[in-house]
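You will see subunit A twice below: alongside subunit B first, and alongside subunit C after that.
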Partner chain A sequence: MRRRTITSVKLLLLAMIPILGFLLIYVVPLGLTFRYTFTATPEGQTWTDSIHEILQNRYFAAGFRNLLQFGCACLGAGFSLALGLSWLMVRHPHLARPAVLIMILPLLIPTFSVSHLVQELFHIDLLSRWEVCAGALLCLYCWKYTGTAASILYAAHIHLQREVLEAAKLDGCGEWRLFFRVRLPMIRGQVGLSLLFLLMDYFRIYKESYLLFGRYPPDELYLIQHYMANHYLKMDVFRVSVAAASMAVLCLLFFGVAALLLKEKRVKTK
Partner chain B sequence: MKRRKVYFPSLLLLSAALMLFLLPILAVLFFSIVKMQDGKLLVSVEEYRIMLQDEWLMRHFANSGIISIGTMMVQLPLSLCLALFLSRGRGKARVIVIGLLILMLLMPFQTYMLPLFQLYKWLGLYDTHVGLILYGGLSSLGALLLTFFIRSIPEEQWEAASMETSSILRITWKVILPQIIPALVILLLLSFAEAWNLVEPAIILLDHDELRPVSVSLNDFHEVSWAGAALYAMPVIVLYIGMLLIVRGRKGDGWAIDIFD
Partner chain C sequence: MEIRRLQWIVFSVYAMIFTFSLCHVHAEATRYWKSSEPFQYAVAEDGIWLNQNDTILWHQDSFFEPEEITRGEQITHIAASGNILYYVTENGSRQLLSSVYSNGTMDISGVLLQLPVHQLEAFEDGRLIALTEEGALYSVYDRDGSMMTLDIPGWENAHVTAFSVWNRAILAYKADSGELSLLSDDRQILFSSVTIPNLTWVQIGDYDENSGWVVALSDGKLLKIDLKNGNREEIAVSLPSDAAGLRRNKTAIFTLCHDFTQLHFIPVSAIDGHTNGKILTIVNSVGGHARRESAVKLFHRQYPDVEVVERRIDDPRIIATELMAGSEGIDLVGLQDSYMPVSAAFLLRSGAIADLNQVDALVAAREPYRDIFGMVTIGDKWYAVPETVTMHMWQVNPGLARQIGWEIPDGRWTQAEFRSLAEKVATYNRTAEKPIYLLQDDTFLLPWFLYDYQVNHVDFASMSADYMTDDYVEILNFWKELNDQGLICKAVNMINPTMRPNTLLAAGRYDLWELRNSVCILPPQQNPDAPFPVYGGVLALNAHSPNRAEAEFFLECYLSLEAVSHVDRVFEGQWLTDSSIYDEQDDWYSLDERTAALWDEMLIHSIPELFVYDIQRDQYDTLLPALLSGEIDASRFAAVSQRLADMAFGE
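Then we have the complex of A and B:
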């Protein structure tokens, strides 16, 4: 028992440097963002007035609205494609390994390397219509991230018990039915994981948007991240912090719901 | 012998999808050396020549190299130390740290960029490569990935080894490391790719133009856009193929996908 405690203390001491570094560089700044939301009010204004003014701001509202709308499109398209790809890999297991290796590659390729190609392909310039720009950004997002999401789903498929699948087939289950009614419910955890992966990368889509359209995308693609980046340039601490804290809360909300769903499943299987 | 049934339409669809994943990379490589002139296709490496002779651009490539290799060097040992504690340590602190790691993995950079900028100024890390290396090296992905892999090693092996020696470093070297080589390879690859592709932190945390990585500066270099894009992707592709060969070599019969098994 004593030996175990000593080992535990030693491990904690070993982990002290990364823990302190992580807290300092990641957690403290996020905490400060929330603090500034309440303390960095512009001079001569009350907190309520300042918040009211921000909430009334056209760009702030558009940023959040577009973030949600474009998010639905990205996640919907991304997840459907990932699901389709994983189904294709299940049907052709002999091709699955090279397929995974190819599909993970876009995640690693720097965005800049393909952003120029996408700009040329969609003829993106200052006069481009927003639908074209949205299509370009959606294609770039799907190309970069759906392969990895499909690989996560496929990795779950190969661990499914053959007996269950065989039994379903003997009961007259067709290929589609087998996939949606038997396979998918059995890999619910990994479905959640791949959705989380797609969501996490969606919240980081500013990088792709910046490389395609610069600081000012079409109004319909102006996300809350653009609002933050543009107000950061003006060093407007309060506006940036309020937007950042709202986005952090939104992230927490999404991931909290996902975590609850996954937890509920675990309790049920017990 | 039972023959496997082949579904041709879906096979065709999968092949087409895989081509779509590969096509952008191949197209960038193709356009970097093939140019259209007077309605004719010409093979030319002129863009590469201009780029390789451009001292300013090469300096930015070197900056990216310094930041990426530095991030790999910092992230590997720190993630391993943290992962050992998270997978083999005890106490509630572990749960809190894991929760914070997951939380920060999900948060976009914009949610904490302004306080981080102020903190870096205060610590003297602003406008330095060390600042960017620490930012990448301390990110939570590495620790979470290694924790996941170390947890899959049976605890009995750790217990048996700790009977023979009390040195954690020795146990890690003899028992843990040989079993997590694929995870370390993946971590190195992800860490390099992430740092090589750094955009927002480089814009916010660096001021002087000569310190900026190529991920930010290539955007302003329109003369060699195709060759620039191709050359910029090259290190990641080479590293990816190299890492696959390492993992395949170790596994004997398998590919990197075996890490999922």
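Then we have the complex of A and C:
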């Protein structure tokens, strides 16, 4: 009993640093952000008026809309590409190891060093059409982040039980069917993980967007991050806070709903 | 076993944090610049001079790379004064003195020094003091290189091993006797010598009639020495090992690391010992030193315990963060729209800077002024106190004007009149032996006509812009036509633009003194009743300043007659109604009356020249070249400008 208590204390001590770090870097600023959302109202305006004005703002709405739309495009393209790459690696195992190394490499290369190249490749400037700009941003996103997701999926593939796959083949499964009907369901945990990584990376896409288009991108690529960053430089703490808090709420809702659905599914499976 | 190992890791980390907290000192030398090669440095008020491999570099913003100014051969000593660098080169056994401005203009070149110097320092007003190899201090006359020994009654000018100059004083140290003396520039002993052994470098901290302190390096430690009694204390500051050299500006003391590859600085306030009291911080002010000093004196009459500190922050994100945080970092902030990533108009809208109209004392302080505050007013809000002024003024070549038969306008004139002038010049060029240019465009970024359009169609109070008009398209097309006809040129040297001899007009943004030798006219306006955009440095009040009352009072002092009388009217124009307040000996009377009158007209009909930086940059970098090359038409230019403006103003 005493031994277990000591172990618990040790584990608690061990966990304290990351917990403190998380509190300091995430929770406290988030709390302050929520506080500012309610307290930093511009002079001469009531809170409800200010919130109403922000919610009615064309760019605030466009920021959220584009975030969702472009997010679907990025996640869809990124995940499809990752799936395809992992399948190719499964098919050609002798190429897998160098391929994983090459695919991880973009994470180590600063985006800044390739953004100019992408600008040149797509002829990005102020006069470019938004479709070209979206294509450039999508390519940059896929180049940078898809490799990680593909590597996660590939790692899952190679740990699948060979007997199951052999049995499926004996039962007459073709390559496609084997991949989609056998392999994918068996690695759904890693599929979720890779999607989570892609989603997290997508929220960081402002950096790439800023490097390609500056503070004011084409209307269709204006994300809520632009709204926040621009108002940050305008020192409008209220608008920054409202946008950040809205995004946090949206994320919490999203993850909450996802967790509920998963829980329900688990219950049904049992 | 694993747990035990992890346990050790955790306790090691805790131990490291604990040790760090114990070792943490109350001040730390911050690295200002690092290089792979050794370099020399000299400190100016608004930047650092570096000498690296006989290349003189000027480093104004720690945010950017240093800029190469000039090259020399075997540069041995450098010293900074204002925006001038003095440097000594060795040519055989001779030492030659040269100087260069931060804009690259040479001042003096290769003046032979009378005696070989061991150390050279410069006062703010350009006077040079040298330490010779024999250990004596000399005044150096930069025009002929002659040197005169500093004879100070009661002080022996010999055996000096280190010295520094600051403000109006010289600090001299003699290593063999340990004698440290503070001398005034008018050859008096300010503080009788104190004896401190083993000092290598010395620098003046602060002094007045009754007290004073200096800093010195001794065995790699930084000492603060009281000049009155010789008491010394070690400053708890982490210095680079074997630091070498101590030079300073108003806010910081700089030193090099032992291999001369890293420059570090320590804020003076960290050494001064005043940090426990209240501090009023002014950031990035560009107003004159005399005005500020005068305001500080007035301020201290009411707030003797509040220290006024100046800071320079090059990174606007830091300003943004500190302003928003309302921390004690910024009470008053100097703004210049073209140097900030965000216009003052946005800061006013977001409530980051205060509307000074709400402060009755400040409104009352405007009474002795002429009606010049349009330049710092957006809508009905007064957002800052003016510090410096530049305006769009045009210069004329009167000889060419006579040649083509054009009567120079005396007051306001319109763009329609300018168009007929353009036709006149084009007609003249068709038959002339030597064609002339209509306009040399030295305006910052965009042509004048676009600034003028902004005055009438971009409203920073309501945050709206109207670029989708026929007027705008017409102006753009007109500008393209002028360029296509070859009637527009640029200055040969854009850093120091001078008017080309074959140019009728030159458009630029100037201070008044730059126009003293020119025949000037007002720029042509679309709407002849419209105000003129004025660009300058202004001092704004952080709306969330924890020292709000003190900051407001400082601005009141800054606006006072006593302080503003130091604003040089030959540069900025006459701001005060009563001209007798100004120094009668100033150069005002050497200015052309007509030019001064035109300047007045603009000054009292002014609005601030505000920038939405991203729009202007995109217009200048992308849209204007595309328009002039024919890649896009004027309507597209207008549409893209409108899109950017909608986003910037509407978000």
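The criterion applied here is as follows: the second predicted complex is superposed on the first by the 236 of 270 C-alpha atoms of A that agree within 3 Å, B and C clash if a C-alpha of one lies under 4 Å from a C-alpha of the other, contacts with A are read in each partner's own complex, and residues count from 1 in each chain.
Operating definition for what follows: a contact is a pair of C-beta atoms (placed from the backbone, for glycine too) under 8 Å apart; a residue touches a chain by one contact, two chains touch by 3 or more.
Here the structure is a predicted model, which means the values were calculated and not measured.
Asker: Who does A:Ala248 touch here: subunit B (first), subunit C (second), both, or neither?
Answerer: first
Asker: Considering only the touch criterion stated at the top, classify A:Ser128 as touching first (subunit B), second (subunit C), both, or neither.
Answerer: neither
Asker: So in the superposed three-chain picture, is A:Glu43 touching just subunit B, just subunit C, both, or none of them (first/second/both/neither)?
Answerer: second
Asker: Figure out whether A:Thr7 sits in contact with subunit B (first) or subunit C (second), or with both, or with neither.
Answerer: After superposition on chain A, A:Thr7 lies in contact with both partners, subunit B and subunit C.
Asker: Output check: A:Val237 vs subunit B and subunit C. Expected answer is one of first, second, both, neither. What do you get?
Answerer: It touches subunit B and subunit C both.
Asker: Counting only touches as set out at the top, which of subunit B and subunit C does A:Phe60 meet: first, second, both, neither?
Answerer: second
Asker: Of the two partners subunit B and subunit C, indicate the one touching more residues belonging to subunit A.
Answerer: Partner touching more subunit A residues in the overlay: B.
Asker: Mind working out whether A:Ile17 is in touch with subunit B, subunit C, both or neither, as first, second, both or neither?
Answerer: both
Asker: Quick check for you: in the superposed arrangement, does A:Gln69 touch first (subunit B), second (subunit C), both or neither?
Answerer: A:Gln69 contacts neither subunit B nor subunit C.
Asker: Using the superposition on A, tell me which residues of subunit A are in contact with subunit B and, in the other complex, with subunit C.
Answerer: Common to the two interfaces on subunit A: residues 7, 10-11, 14, 17, 232, 237.
Asker: Which residues of subunit B touch subunit A in their complex?
Answerer: So the residues of subunit B in touch with subunit A come to 4, 7, 10-11, 13-15, 17-18, 20-22, 24-25, 27-28, 31, 78-79, 81-82, 84-86, 88-91, 93, 97, 100-101, 103-116, 118-119, 134-135, 138-140, 143, 162, 166, 168, 189-190, 193, 196-197, 199-200, 204, 215, 218-219, 225-226, 229-230, 232-233, 236-237, 240, 244, 255-257, 260-261.
Asker: What part of subunit A is in contact with subunit C in the complex they form?
Answerer: Against subunit C, subunit A makes touches at 7, 10-11, 13-14, 16-17, 42-43, 57-60, 125-127, 214-216, 219, 222, 226-227, 230-239.
Asker: Name, in rising order, each residue of subunit C that touches subunit A in their complex.
Answerer: It comes out as residues 3, 6-7, 10, 13, 316-317, 320, 323-324, 341-342, 346-347, 349-352, 614-615, 618, 622-623, 626, 631-632, 636, 640, 643-644, 647-648, 650-651.
Asker: Over in the complex, which subunit A residues touch subunit B? Could you list them?
Answerer: It is residues 3-8, 10-12, 14-15, 17-19, 21-30, 32-33, 36, 85, 88-89, 91-92, 94-103, 105-118, 143, 147, 151, 155, 158, 196, 200, 203-204, 206-207, 210-211, 225, 228-229, 232, 237, 240-241, 243-245, 247-248, 251-252, 255 of subunit A that touch subunit B.
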